[in-house]
Every structure is written in C-alpha cells, then in structure tokens.
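In the two complexes below, chain A is the common chain; its partner is chain B in one and chain C in the other.
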Partner chain A sequence: MRGRKWDQRLADWFEKHEPQGKWAWLGSTYEAFHTFTFVRKTVTRSGAHVRDAVDMKRSMFTVVLALLPALLFGMWNIGYQHFAANSQLSTLNSQLFDCWWFGFLRMLPMIVVSYVVGLAIEFAFAQVRHHEVNEGYLVTGLLIPMIVPVTTPLWQLALAVAFAVIIAKEAFGGTGMNFLNPALVARAFLFFAYPTNMSGDTVWIAHDLWGSDAITGATPLAALSAGADFSVFNSQYSVLDLLVGTIPGSTCETSFIAIAFGAMLLLFTGIASWRIMLGVFLGGGLMGLFFNLLPSLDAQLSTHIYLQLPFYYHWLLGGFAFGAVFMATDPVTAAQTRTGRWIYGLLVGAFAVLLRVCNPAYPEGMMLSILFMNCMAPLIDHCVIARNIKSRQSRLSRQSRTTRKEAHNG
Partner chain B sequence: MSDIIKIKKGLDIPLPGAAVDELVDVRDVQCCAVCPTDYVGFTPRLLVQEGDSVKAGDPLLCDKKDERQRLLSPVSGTVKAIVRGERRQILAVVVERGLKGSLRLKVEGFASLEGSNPQTHKPTNPQTLKFSILNSQFPILPFILQRPFGTMASPDVKPKALFVSCCDSAPLAARCDITLRGREEEFCRGLEALGELVAPAPVHVSYNEQSIIGRLLADFENRGLVKLHVVRGPHPSGNVGTQIAAIDPINKGEVVWTVDPQDVANIGRLALTGCYAPERVVAVCGPAAQHPRYYRTVAGTCVAPLLEGQIDAAEPQPRVIAGNVLTGVQVAADGFLHAHTNELTLLPEGDYYDFLGWLLLGLHKYSFSRTFLSGFGSKRKSKQKPALAPEFDTQRHGDVRPLVFGEVFDRVFPFDIYPMELIKAAVIGDIERLEQLGIYEIEPEDMALCEFVDPSKTEIQTLIRTALELCRKEGM
Partner chain C sequence: MKISPLIKLPFSKQNPVTVQVLGICSCLAVTAQLKPAVVMALSVTVVVMFSNLIISLLRNTIPPRIRIIVQLVVVASLVVVVNQVLEAFVYDVSRQLSVYVGLIITNCIVMGRLEAFAMTHRPWESMLDGLGNGLGYAVILVILGIVRELFGSGTLWDYPVVERLGLYNIGYQNNGLFVMAPMALILVGVIIWIQRSADKDLQEKEK
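The block that comes next holds the complex of A and B.
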C-alpha cells in the first residue's frame, strides 16, 4: 500500500486542500471525502496501541455487500413480474438478462433518489452541527428502495427519505442515537401517508419502465388477508416459489434464498446478532404453530385461511425474512444486552405473525412489529440491566451480613 | 487441589514477535528512573534534589497526602535529573548509577524478617511484621496495587484478599516461568510475607497448567497459605481483574490488593536479605524486534541497553511501548521502564495513508470481525497461511464515530457487567450509575480488548480511567 506514486500525490493533494480560514466550516464535508478516499494516517495516541482493522465504513460496507444478493435478485424479479403479468416472457431473448435489465432500470432512479436526498440532508446536518458525516446512511440509503413497492413514485420516495433522516435520525443526534430504524420509518411514512399505494392488494408490479402505473395483482400476503382459499393459494404460490422469490412484493424482499446468502455473510463476519435473527424466526414460527393449533380447539376456526397456513410459510412470505436479517438486527435500535436481544427477537417474530393473522387491515406485520419493538428495546434493556444491578446489590448485602457476623463472633 | 477458572469470552491477538526462551543479563545499567505517573492518584513531593547522592532504597518521592507512600531509588548513585512536564508536573526522577555503587546495600528496618529462610522460618506475628514494613525506611507499598481505582496500596486499609496472577495472557506477555527463573525461593518467601501482611485475608495465586507455579506452590496450598487457581481461555483470562471477578468480585466499599509475580519476588528478596534491590526480567518483543528475548535488569532502567541490536536501522523508527500493546505506555528510545512492566514491545508506526483501505480486500489486515479477507484464514496462529498473515502497526484504521456496534464488546469482555452501558455511563460521568453497573470491579486494562475491537475507535480505556478517578475523588 505504501509508496505508490499516484496515491501519494492524491494524499498530498488532500493535505494541501484541507479547508482553513474562511473555508474551515467545510470541515465535515472535507472529512467525509478524505476518509472515503483514504484510511487516514492517524496513529493511536492513548489506550491500546494496535487497533482492529475494522471501522465504521467497513462494517457498513459489509452490510451493503450482504444486501447485494437480495438487490440483484430483486431487480430480476421486478422484470420477471412485469413480463409475466404482460404475458411477454416468451418474447424475450434472454429471460435472465432482460428481466434483470428492466428491473435495474426501474431500481436505479429509486436508489439514486434515496442516496442523493438522504446524503444531502446528512451532509447539511453534519456541516451545521460540526460533526462527521456518518456511514450509517450507506446502508439506510440502499435499504429504503429495497423495501418499498417498485411502483412508488420518486417524489414520494424522496419525501419518505427526508422524513426518515430528519425526524427519525437527525432529530435525535444522528447515527447511533436514533431509536427507530430509519429505513422502516421511511416505509412507515409511505404506508400511512399514501395507504392506497401501499396496501399491497392492487399494485407492486411495474406496468412500464418509467411510469408509476401498476398492474392489478395482489401480493401473496394481500391475497391471504383478503381470505383466499388455502388450496387455491397453494396452487398459485408453491413453497419453491416463495423460497426463490418469484412472487410479487416489495422490490427486494421476496427471495428467501438471496436473503439467506446475506444473512450468512452478516453472521460470518459477526456484524449482525445471531441471537436476534434466530429469535425472530423462532418467535414467528412459534406464533405460527400456535395459530395452527387453534382449529383443533375450536372447529369453527378451521375455515380461517391463516390458521391453515403452515407456520413456516410465515418465514417465507412478505418481508419477514428481510426484516429478520437486515432490519431487526440494526445494532442501534435493537436491544443492547444479550438476554435483551433474545427477548427482542422472539417478540419481533411473534408480533409480526400476530399482526398478519389478526389484523387484516395491515397485511404486512413485520414493519410495524419491528418499529414497535424498537420502541420497546430500551425497556427490555432496562429490565435486564436492572436485574444485573440488583444481583450486584444483593451480593453486597450478603457480603456485609457475613462481615458483620464475623465481627460479632470475633 | 486448585480450582479451574474457565474464560470463554476473549481474544488472543496473533501478534508476531514473541520472545524466545533466552535470558540475557544486562548489568551495565547507567541510569534508572522512578516515574510517579505510574501510580494513579499519586501526588508527588520531592524528597531529593538534583545532585544529591542516594542509596538504593532511599526515598525519592512521597505522596503529599500520605507520607508513608514513598517511591524508592532502585540503585545507588546521584540524582541526575528531575524531569518535568506540563505545569511542572514531575514525570520522572532519574538516578545515575554511581560507578562503585552497590546494589546490595544492607539496610536496617527489616529486622523481624532478616535472616529467615523458608525452611526454618516461623510465621512472624502479623502485627510486628506490618509495623516493621510500614515503618521501615523501605516500604513495599509501591509493589502493591490496590483495587478499586488501581492506586498504590494504602497502609491503612484492610484488603479482603490479595491476588497474584502468574499467567499474563496479554499479547506477547512475558512468561512467568522465565521471569521468575532462579527466583523461585524469593517468590515463595514473598508470598509468605504478603500472606502474613494481609492475614486473615486469603492470597489467591493463578497460573496456567503448563506453568511450574502449580508444583512450586503445591506445598503452600496444603499448608493453607495460598489458594491456587488454574486459568484457561483467551485473553483477558490472565488479567488479574478477570480472575478477581471469577473468584471473589469486589463490592462497593471493599478493597483488594494485587501484586505482579516479579514484585512478589522483589518483596521476597527484601524479606530474605533485607536489602532493596528490585530486579526485573523484561521480554523485548513485538513485530519490529530483531531478536525477541528476555533481559534481566534493574527495575526502572533506561531502555536503551535493552534495545541494542533490536531495531533495524533501515526501517523507520518503531514505537517503543513499556508494557503490552493493549495497555502499555509509549516511551522514548532513551526513556525508562515503567513500574510493573514485564515487556517492552516494539511496534512499527502506522502513519501512512491507506488508499480505499476500508473498501479493499485486506489480505494482511487483522480483524476480530472477519470483515476482511484475512478473516477467512484460520484463527489459530500455527495454521495460518503466510499469505494471510496479519500485519500489525499503530495505525488506528479509521476515524472516531459514535458507538454503534455494541455486540462485539460482549464477545471479548468476560465480566458480569454490561460494557456498552458502562461506557455510556462513563461518557456522561454518572457516578451513581457507574457504581450500580460495577465500575469498581474493573480497571481500564480489563476493557482494553473492547477498545481494540471497537469499530467506532472510542478511547475506552481513557474514559474508564476518567470515570474511576471521578468516583475516587468523589469518595474522598
């Protein structure tokens, strides 16, 4: 790495152009670009003399890497759904590439809008408050276009991004201080501000390349909450379809397999908490099993389609897997203690399924469930830590009792 | 029968350059120094002036708050310099060794211990011993650290236990079997003296299974003088703080003492011979050391003779660290060994720009997180492929950011304490919260690994030290 000429020149250029004097207020922007180009030559001054090579940029970049399989598959699926709905699949030269290219062209403006709007706000806030531009938005900015319907108009997306970054993050002090996952706040904003576009029963398949017109067609979850018959549903969407992800849905949440690849990377690198991930799946599965058992208690209930739905369908449907892997595991908004993470994960999964089954007004329960548990996470942590504090206090009182007794005997 | 302490959480950083089993005597020490900054909360008052001649064991400095806490000259000679820093803070008192100055100066004051030997020795009356130690001209207090707060032992407190960790697990730590070689008798005698000093509080000694300590102290354990503990697991298993937490955690209001094994031997020498001649075996090690090995020398010595032939002149000057890479103190190449230091680590400086360093594969970057390609190699040093061998230097690898990833702390912090909460309480300086969360059970060194793995590059050890000082001053 050392001694290459051109990057030495670039390093010198950066050093020479460090903003000073009347430009000193641009420090945050300079810092952002400088640290993006180089890991700076800062050496340790106090404490540990060696440091782990990982930093915030690398950590966030690893999450972006983990998102790539889902993103690439999502692009392909956008095209696939579009051509399938228009019965044009047989006319394509290459199903793989043409579908992907169509999806890529649909996704690109959304990603660009998300990053441009979000980063502009991040830079402005960093500049005004004289702190560093944070890497967190590298992930959030990609997550937002991945969890909204492909038919979302760009202006709505831009509004949602601005709302999420300002209200959910910067208002609380930026990355690391927020208590709600910003990407989910963006989605929740769209969900509540433009409910007709977001309910999932009429839209989500791109009609043409540029417009926001949609083809009528329901997502599997919407079909379920509308009360479709299970055998009909099963013939429409097989388990294999749900695993691979060739179903309508938010842009990149459909493929369980692609998400699993990302999950493997996150777990291998240790960026995400396996306790939360496992907890969400367990919680969802247990809740699903519970609902499967209900008909045996009361025969009248057996006609309810959700109660017939095998519990593992919940893992494959909608945003459950995506939420479990990328949203619930957000290190800032999740619970911070080990026990807390288990509780948090289990409840996220359980509430998501509960919402799906018991509240047909919200076909997708994952988003609301995670946001709700984001709010609850500090409470969970508080209880876990309070127990730790209590055990410490009881140890102290035990100790002082023994000391007193010894003093008495002595 | 010694019990076993198993530590699961932790990390052994595969730092290259461990010292080989080769012990070199360094006798021609020119200068020695005593650094009051090594002792937390020590407010020095000078007892000597430049040009004064001192004998080994003469007090150079004492604490303004308690004159019994004194720092002694390790050698005989003349006071050459008093090094001062900002606001005239005393950083070191340098003693130039007189050419004919003898290290082994027979002194009075240890009468009750003098002449005793391990076979014929009968336990001294603790009161007499304590009186003799505290009132002698040559107190052993600087050898003993006191927790909480990591200060020099105070003669007025009654510790609830004394801990000696003979299995330092820090990166490239000096091995106790080598540092104590030839001093086994002094070590045993030192333990005996300390046991009498703190009685009826127990003395806990920990070691790892390969060490000779277990055999050496088996007899002591049978006689009930010490309690032995075998320690297994990655760093920080060898940290005395980890062991205290596993054996008998510190509660609020309680005090324990800890002593480094080499200082136990120094106390033993004092007890056996009655003369103050603190000695240290130091491992010179690290990626930049040419011949990593052990040196036997005087405590507080100038490091220059130890570094002879160790630094490659063709390479840029490496950083010299008194102590290990996680908790050590940077010293100049003509600086001095600090107190309680068992190794001198030479680490290349990392003051270079790393173009897109956060983005590229990172074949030679070491990370606990396995986010770099090097993470795909084996974690075990012996199985590592040379192509993926990690390189270490002082590069911070990133800029300071708010705390985001907290789970990684849990994996290297084997205490019943929530590290993220503790750090946050330390940031805001909430004393009550710090107490509740268990600040008294730790020293900054116990959180050194958290600092190492932290992607936010927070100065955790500094934060914890500041928080501890806050609690200490509040309690005074």
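The block that comes next holds the complex of A and C.
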C-alpha cells in the first residue's frame, strides 16, 4: 500500500471497514459517507442496468454548483445593503471583500444550521427505515438559507427545516416521493408561522450582530404593494439595480444576472427542464402584459401602480427568477410530461404575477404559486397522458377502419 | 356482548377521528384554544351518547324507510338542548364555537354510530358505545387543543404559560401557523402517523 496517494488509501480504508455484526445497523450512515467521495468497488453482477455517470449525487452537485453564483453574490449583497444603509460604504478598505466577508459571516451560521438539522433528521430516518441516505438534502439544505431574510433567527430556521424535512418529505417516503418542494415548504412555514420576521420593511437588511436596532429598507415589491408612485419607484430602483441585484430582499434571490449563470449551467447539463423555465418566464410576462392592457379598458384603474409596471419588471423583482430557475424546475415536484411541463411552467408564472398584483397581503407570489402548482402537477400529467391515450386510440381505430376498407376493396 | 371493548376500542383501533377519519371538520375548526375544544368534546359526547340511547329504544318502531329523518330529529333536538345549556352557562365559549355547536347535527360520528350500532343493539350497550366514541373523539380534540393553544398563543386554558416561563424575553415567539386550521390537519396526520407506527394491526399488509 505504501506509495499510493492518500485518497486511494482512504478509499481502501472505507472498503475494509464496512460495518458488520453488531455495527451493521450503521450501514446507511457508512454508505452515505463512503459514496459521497468514492465509487464502490463492488458492482452488481446480474440483470441489465443503466450505466451513466450522472447519478443522483452528480446531478445534485451540479445544482449546488449552479447555486454558487447566486450564493456568492447574495453574500456580497448582504454586506453591501448593511453598509449602504449605515452610510459606511466609504469607510471600507475594499468594498468587494469587506461586504462579502460581512455577508459570509451572516450566511455561514444559517447554512450550518440548515445542514446540521436537516441531515440529522435524514440520517435518523434512513437508519430507522434501513434505507440509504439520499443526496436530495444537499440542494434543499443550501436552498433554504438562500430564500429567507438575512435576519431570520436561527432557531426559527431550524424549526422550519425540521418541519419541511419531516412533514413535506419523510412523511411521504423521502427523496423523490415528496409532492411539495421541501425548501419552499420551509419558507412557507416561516411565512405563516412568524409573519413579522418574514415580511415588512425591517427584516431585509442585516443589522449589527449585538444590540443595534433593525434597519428599515423595503423590498421593491413591498414598495409597490404599498402603492409607491411609479416614477418615484423607478428613480429608487433602476432596471440595472434589479438586474445586478443590489436591492434588499431574501438573501440570494436578488441578482438576475447571478441566477442567469446558474440557469445556463442547469440548462447546459440538461438537469433542469428548459420547457418549465421558459414557461414560467412566458407565463409571468403574458400576465404582466395583460395587466398593462387593463387601464385602456377602464380609466379608473390607471392609477394602480402595478398596472403601469412594464411586464419585464416582474421577471426582475423578488424571487421570480430564483423560483423559476431553481424551484419550479425541481424534477420531483414538477410535471413530468412534455406538454404538462409547458402548462405547469406557464401557470406558475401567471399565478405568481396574479398574486403579486391582486393580493396586497402577499407581496411575493412566487412561493405560493409554485407550491400550488406542485399540488396540481400530478393532475396535469394525468390529463396529458389521458388525452394522449385517447388520441392514439382514435388514430388506431381510424387506421384499422381504413385497412379493413382497403382489404374489402382489394 | 361484553361491555369493556365498547369503551376501549374507540380509544385505540376504532378511534373515530384517527382511524375512521370522521368529524375532521370540527376537529380543525374548534381546537385553536383548549377551552372551546373541551366544551365541544363534551357536547358531542353527550349528544352521541343520548341519541344512541334514544334511537336504540325506538329501534323496533322506526320504519326503515324513514329512519334517517327520525335519527336527524332526535339528534337535532338534543343539539338544541345542548346549545341552550351552553348559552346559559358558558356564554363566551358558546359564542366562540358559533355555528359548530349546531353543526353537531351533521357530525359523521353521531350519524355513523346511530346507523352502525344503535339501530341493531340494546339501549345499555348503545349508550356505552356512544360514550366510548364521544370520548375517543374528545381525546383527539383535547390533544389538538393543548398543542395548538400552547404553541400558537402561548397559553393553556387562558393561563399565560410561556410568559410565566419567561421565554419571550430570550427571543421566543408564538407560532402563527398553529392558530390556523391547516396546522390542525397536519397535527391530526401526525397523530395518525404515530398511532399507525405503534399499532401493527392498523398497517396495511404489504403485497
């Protein structure tokens, strides 16, 4: 063994120390740690198997990679918003690094709490059920801290993670069996359980860790819901700000550009469905256009600020882009058929914009829209499949009729 | 027929809420606080007990073709009595329960016991069956009431438990989700989950 690289020695160590006898109950935990980095030496000897390098671990890791641009930018934005609100930007040595470091220190505890709580529950369930530990939580655990306000108390985050993993996922049988996106369930839990920490205008900007009061800073969507004037709104948040993402919001949802990098990776590797992604943007845009048309029908409506908002603003505001790229495309909870994916995507986008415009109590409609369509996805698939079967049956009967006729004529 | 299973079964293998999944509507509606939950549980127990007794006494004289309407008349009369008693003695709780006292008439547990048991059994057994089912329903309501009031409002029977423990000072907040009806449904689901994992007889056989 001497002279081999450390990683090979570690791999051998793993192979040699597979738990047996009285330790056999730890099998799934061992399996999880072993296959996290190494491929097992044993192979299946019977039956036909699909061989593909892109297994679940690989695809989950690709999603994590795709999340990195948004995560890194989100960290920077936490710092930037904090220092800008305190007018301390000019005192910093390096705006780029200091802002990022401040945000990193804020995000790190949230990510650690999310992973520790979530993985502890996943491992516990896997042991009890004698399943292998699944990689699904790798992505969910990172998504949850990325879609909540930076000021969310850690104990609330831990509760939300536990609720999402147990109720939305394990109760239905674990990874691949859940019908709701667990990360969004965690957010919905926080949204309904602790509304004062999830909305309003004091939760979006990180304040100093010890003492100091909350800093006021409304998200653009909240400003719109409150009925700000459109020209005032436009001077506050330019399209460039919205594209780059230097606005208050949930930690990593603000930057359209950073999310677009992630989207390109997901589409290039084929892990996310382009039909869903495109459908969401189209649905949201069409709904926005529809609301733009309303003032021409009824002059009274022309004062409503949302109706003056150009449709592409809906793509840039709030969690729309993040939800479209990383949440709606979740392969487990989305529709599975091709036509179904189009319908699903279009309706997610349309409902998100509808909620934003028509329900001032929920300034951000993306979360509820995706969760609602998660529930509807099986129904959509069922209808698409039933229709397909019906059309093929009628084609079959048409064909058999013509062949019979031909036989008769012949 | 033996007496004890009539009382015992509704608590375990034949619980009207967690096994037969009846009476869910009122389970979600009245359990945000413990006090209305207890009052509701008692009211349903009384109604199901005495309607079982009365229908059992009448069972040989009721023409089968109109039995449902006869049962409804009996249940409705009892509910009116219960409602009057509640308004007389616990007026504020009666206001809180609002329509749900009247809706006991349509409670599936009551109708179910009348059809499935009282129509074919003797009065004493029927009354015990009603008592058992009422208490089986009551147990779930009380559990829900305790959990939801404690975590949703931080109180128990209006006593500010969380405040006395000083939890608010260290940053604890009440969970708004527990006050909402959806959380009651999730909690019923959790109770069913726990009961089924503990009781092998309730699990479906694997094919």
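The rule we apply is simple: the second predicted complex is superposed on the first by the 369 of 410 C-alpha atoms of A that agree within 3 Å, B and C clash if a C-alpha of one lies under 4 Å from a C-alpha of the other, contacts with A are read in each partner's own complex, and residues count from 1 in each chain.
Definition applied: a contact is a pair of C-beta atoms (placed from the backbone, for glycine too) under 8 Å apart; a residue touches a chain by one contact, two chains touch by 3 or more.
Keep in mind that this is a model prediction, so the values were computed, not measured.
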Which of the two partners, first being chain B and second being chain C, lies in contact with A:238: first, second, both, or neither? neither
Looking at the overlay, what does A:394 touch: chain B (first), chain C (second), both, or neither? neither
Per the contact definition in the header, classify A:11: touching chain B only (first), chain C only (second), both, or neither. first
Classify the contacts of A:359 with the two partner chains as first (chain B alone), second (chain C alone), both, or neither. neither
Of the partners chain B and chain C, which touch A:132 in the superposed model: first, second, both, neither? first
Of chain A, residues touching chain B in the complex: 1-2, 4, 7-8, 10-11, 31, 35, 37-44, 46-59, 61-62, 132, 134-136, 173-177, 268-271, 273, 331-332, 336-338, 341, 381, 384-385, 388-389, 391-393, 395-396, 399-400
So in the complex, the part of chain C that touches chain A is made up of which residues? 171, 173, 175-178, 180, 186, 189-190, 193
Chain A residues within the chain C interface of the complex: 153, 155-156, 159, 167, 171, 189, 192-197
Give the list of chain B residues in touch with chain A in this complex. 13, 15, 171, 249, 251-254, 319, 321, 325-328, 330, 345, 347, 349-359, 362, 365-372, 375, 392-408, 410-411, 416-418, 420-421, 436-438, 444, 448, 451-457, 459-462
